[in-house]
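There are structures below to look over.
Both of the next two complexes hold chain A, though its partner changes from chain B to chain C.
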Partner chain A sequence: MSQIAPKWYQSEDAPVAKQTRKTARPQKLRASLVPGTVLILLAGRFRGKRVVYLKNLEDNTLLVSGPFKVNGVPLRRVNARYVIATSTQVSVEGVDVSKFNVEYFAREKTPRSKKSEADLFNEAQPKKEIKAERIADQKSVDASLLAEIKKTPLLKQYLSASFSLKNGDRPHLLKF
Partner chain B sequence: MSSYSTVKAANWRFVELGRVVLVDNKDLATIVEIIDQKRVLVDGPKFQRQAIALAKIVLTPIVLPNLPRGARTATVTKKWAAADIDGKWAATAWAKKLASRERRAQLSDFERFQVLVLKKQRRFAVKKAVAKA
Partner chain C sequence: MAESHRLYVKGKHISYQRSKNVTNPNVSLIQIEGVASPQDAKFYLGKRIAYVYRASKEVRGSKIRVIWGKVARTHGNNGLVRASFKKNLPAKTFGASVRIMLYPSNI
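Up next, the complex of A and B:
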């Protein structure tokens, strides 16, 4: 004798979600993505920029740095699929990237201010402040990167130049 | 309204035994036997001995002298080395053009950038010299 039969039944049964048969597995990057590789970003704010790949993060993104002084790309996450890995590599042995993880890049929780009429017509938005920690980290990472970059002639200029397709370029035939 | 024309003797590259041919813009071989109007038997030290259509090959100006008809691969290899066909071929402008085209296709993105910079430097030097003259 289990429970007493309920007095009231739902007219329609609550929907039960199907049990998923997918399992999340650790990301396997293509062989050309090795830390220290120069990548070409294909999409986003920095499309066309050539950038140094530092580390693979847990949310399946790549940690990347311009270096900032060279081309304006900060320490940033980038999707591995929107990137071309070139055959040029920079040694990142001396660069410490252990402190960078997904929480480091988590979005700030701003308290939602009440929308006022003034805001709708107001052009001037308060300037977004960059945390001092980010600036300091950028400087330290880039210092070691720049030391390595300077060893190869023209590499700094290469990183500051943007990639674009020129007349006569056949992307499927270009070697990167 | 008269134009002078000179008659020159014909100087064709013949389909003959020993004619060095280029296959598919990369492999060298010699004609070892002529099968019929359209096909020849070719063989090279680095090319599999085979019958091939004349439409698929290009005659080069180099000839391997005194190649007996139907010569087997070992003979071809020996005579090829003795005549230094590879050296003669590499010295031609044709081979150099093919090599540079291949090198250009293999350039990495960074190498392409380096070429850009070098071309700019050359352009600048030339224009400076021209402006000075």
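Up next, the complex of A and C:
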């Protein structure tokens, strides 16, 4: 049986998006970015910190860790373009980073309560609690990292010192 | 002793791109400290530039304002560089310092 003729016909056809001919391919990093390399963070909260590069994640960011005890940088994602790779390397053979992926770092969905006057004027933010899972993971990754770092003399002090440009430094001539 | 925290290269905003009598304010010429040849300047292509300045009125919680731009190409034979900014730099900033950041990095 045919359906009843609709009362309303669109005057224009609804627009159909063009089929994209682009394909997403796995990220190809520059050759200097090898897991275990010490990176210098150039921007963001931890700019200037020297940090150990652990793994390349699916959303084209780099997984990085201070280690936390050394310079306060936790397991964190960092964009490859905002990073200088140094020639210093640490062996990350023994470090298990298989459980870390993009979902692990996904933002918490806060339940959007109805806007109230109290919320508008209340400046005090509740202190953000760090999940116990994150702290435990940090400890386990850093334990193996620190064991490796201790093998090289002065590497721990190197990682705890921040990078900055001094007078007379020419980045286009510096050998990182 | 104050420790350095600088993660940018200092530079000067020299002039707009121009011929003898006609200026093009859309392109600014930047002189990067320590760069004297176009081969050296190639390192800085694509790097972001910030012109940082202060104002008396606080906007979005700060009295410090920034105009962002990027290094587009080299200019001439002596290490100068052409840059374009989100909003063109005003002409009164000729001679003013500008910060050439080290990102997007290719090292």
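Structure notes:
Throughout what follows, the second predicted complex is superposed on the first by the 167 of 176 C-alpha atoms of A that agree within 3 Å, B and C clash if a C-alpha of one lies under 4 Å from a C-alpha of the other, contacts with A are read in each partner's own complex, and residues count from 1 in each chain.
Definition applied: a contact is a pair of C-beta atoms (placed from the backbone, for glycine too) under 8 Å apart; a residue touches a chain by one contact, two chains touch by 3 or more.
Because the structure is a prediction, the values reported are computed rather than measured.
Partners chain B and chain C fit side by side in the overlay (superposition on chain A).
Annotation for chain A, partner touching more residues between chain B and chain C: C.
Rounded to the nearest 10, the angle at the Cα centre of chain A between chain B and chain C in the chain-A superposition is 50°. Of the two partner chains placed by the overlay, only chain B lies in contact with A:Val38; chain C stays clear of it.
When the two complexes are overlaid on their common chain A, residue A:Phe176 makes contact with chain B and with chain C alike. In the superposition on chain A, A:Leu146 makes contact with neither chain B nor chain C. When both complexes are overlaid on chain A, the residue A:Val97 reaches neither chain B nor chain C. Of the two partner chains, chain C is the only one touched by A:Arg81; chain B is not. In the superposed pair of complexes, A:Tyr158 makes contact with chain B only, with no contact to chain C. Aligning both complexes on chain A leaves chain B and chain C separated at their closest CA atoms by 12 Å.
According to the touch criterion, the shared surface of chain A, contacted by chain B in one complex and chain C in the other, consists of residues 163, 173, 176.
Across the interface of their complex, chain C is touched by residues 30, 32, 42-43, 47-48, 81-85, 162-166, 170-173, 176 of chain A.
Across the complex, chain B meets chain A through its residues 105-110, 113-114, 117. Here chain A touches chain B in the complex through residues 38, 40, 50, 86-88, 154-155, 157-158, 161, 163, 173-176, going by the rule given at the top. Interface residues of chain C facing chain A in the complex, by the touch rule stated above, are 3-9, 34-35, 40-44, 101-107.
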